[in-house]
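Handing you a structure now.
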Amino acid sequence: MTEHKNSEDYANLQQVQVRVRYADTDRMGIVYHANYLLFFESCRTELIRRVWKPYLQIEQEGYLLVVLEAHCRYRQSARYDDLLTVQGRVGFFTETRIRFEYQIFREGLKAPIVEGYTEHCWTDASGKPRRMPSELKDILKQAEITRHTDDRTANRRKRISADQA
Amino acid sequence: MTEHKNSEDYANLQQVQVRVRYADTDRMGIVYHANYLLFFESCRTELIRRVWKPYLQIEQEGYLLVVLEAHCRYRQSARYDDLLTVQGRVGFFTETRIRFEYQIFREGLKAPIVEGYTEHCWTDASGKPRRMPSELKDILKQAEITRHTDDRTANRRKRISADQA
Amino acid sequence: MTEHKNSEDYANLQQVQVRVRYADTDRMGIVYHANYLLFFESCRTELIRRVWKPYLQIEQEGYLLVVLEAHCRYRQSARYDDLLTVQGRVGFFTETRIRFEYQIFREGLKAPIVEGYTEHCWTDASGKPRRMPSELKDILKQAEITRHTDDRTANRRKRISADQA
Amino acid sequence: MTEHKNSEDYANLQQVQVRVRYADTDRMGIVYHANYLLFFESCRTELIRRVWKPYLQIEQEGYLLVVLEAHCRYRQSARYDDLLTVQGRVGFFTETRIRFEYQIFREGLKAPIVEGYTEHCWTDASGKPRRMPSELKDILKQAEITRHTDDRTANRRKRISADQA
């Protein structure tokens, strides 16, 4: 694992470990596909905590991160008692949106077993859209995370990466 | 199924049907044990709706039903795609508490496969204990649901039923 | 709702209703984003049952439908006790894959609150890829569901629909 | 935290930490009550691993631990991002059953916020009851865990502890 020194680094890579519980599996003997989104959440939460501050505190300051989109590609399956490594990073951001990208690894396999992303917008407590907190924007710039000037560019960029996938 | 005529009847018996999803199962091929509590919730919600009014509305009027205790006894297992019948009723109530009792049935089996109860207290939105809404109390009395004068009696009664179980 | 006469029709549209439970919500007061994938599952299961036969039976005959990809776009949120309508249809299929597309509606809103798809491949019980059962293929052809001759075409098509979205 | 030296000690106390996810909460802002059973599972799994061997391996050797009963008493609530400590131990065992007891602690609070137990029997892969593996029995005896000679005694004991609760 790489040494992290600055909070900016975590925007480019943060990882958590998740032990697969019986509760996470289904009758096929593998992790039920929706549960990977919960593993993504665990990783995203730690990433935000390291990069900036606890998401709980961010919410208390009047910023909510609402999920707009979620995507998962399942390449291999995870099984009961597997110790998974979930890696996440900030993919890109705009004034109002932020995208997190994830890869999940199983011990002994080089390639990720699951890949995905979630895209979020910022709102206030009443659900009204807000601009991203400027403090976080500065951190992401420092971390050299791609910033798109408007959401349409971001969407175009998204399509291009989908094409390359 | 018995004909219900008055809202009071539902306090003595309400049932809902639940189709077991892949998501509900675990690698043993059966419903993961914690998920029966979610089936109990579906039944409790409909019971409250029929007996009195939607729980959502009750909350909006400043009453929360907080879970104090939950119990499940697993006799047989339910499997993927089973169509389960969840029966619930109000077991007893005091000024501040209410207990719901549940039985889950699988097609073709006479005896319940799962039995359990949940016990709740009433609080206001801030979590401070409240007395049960008097309107509901009247309905439960009409339904001839056992009312305990104090919580200690309720607890003693509980132990007795545990002994008989 | 349109009248369905033949099993083929269900491949083009099947719907189920889902009541949002407390268990489905999160502290934002809305349905936790991963849970919509479980609502998709309920719809997919009924679609397969109507179009062909119970998925349980399909599994017993040695065919598993493994999830390869899942996507969700969240436009509006669903709340506790909402009665949601989940509509699903077969988007397209190839010799080895099948894609289901979903829309979730909330009472009183014309536009779907959530849209998504899941893509699956067929395997045998050991996880080895299999061709789609020919009986189902015939049904989907009858239903005039788009059939792609190879998976690459399917992928290209997918990108085009993403562009139009 | 006490120093553990022998595997037997873990039968008397094992603990794991669980970070509360958004996914674990409900619209009341607290952990949904059924989810504590999943926290119990995480603890039980680690307890069995430390006391004896991975449960996965036990299953591969033809022993399943089937849940017969689950109980939870909710004293305080846990909230999003809380770091909980789940403590578990073997309560007692008979030839065919085993009971695990749990307490969940929240930082800053001395008393457990949740207490509960799960009771299990041993079966073979087909679901037929089996006697407890003798190797585990020896470990539990070493650990001075109470052993009941028959299940009726165990039940009586259970009622007594319920009375004292």
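Note that the chains take the letters A, B, C and D in the order they are written out, and that residue 1 is the start of every chain.
Heads up, the rule we're going with is that a residue touches a chain if its C-beta (ideal position, glycine included) is under 8 Å from a C-beta of that chain, and two chains touch if they have at least 3 such contacts.
Predicted, not measured: the structure shown is a model, and the values here were computed from it.
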* **Remotest chain, chain A as reference, centres from CA atoms** => B
* Select, from B-C and B-D, the pair of chains that is joined by more C-beta pairs in contact. => B-D
* **Separation of mean Cα positions, chain D and chain B [Å, integer]** => 25
* Return the distance between the CA-based centres of chain A and chain B, expressed in whole Å. => 38
* Averaged-CA centre spacing for the pair chain C and chain B, given as whole angstrom -> 33
* **chain B residues counted as touching two or more neighbouring chains** => 22-23, 28, 34, 38, 80
* Are the chains arranged, by touching, as a line, ring, star, complete graph, or other? -> complete
* To do: Write out the stretch or stretches of chain B touching chain C in their complex.
  => 19, 21-23, 38, 41-42, 45, 54-56, 80-81
* Asked: What residues on chain A touch chain C, complex-wise?
  -> 28, 33-35, 37-38, 64, 66-74, 77, 118, 159, 162-163
* Provide the residue numbers of chain B that touch chain A in the complex, in ascending order. => 22-23, 25-30, 32, 34, 79-80
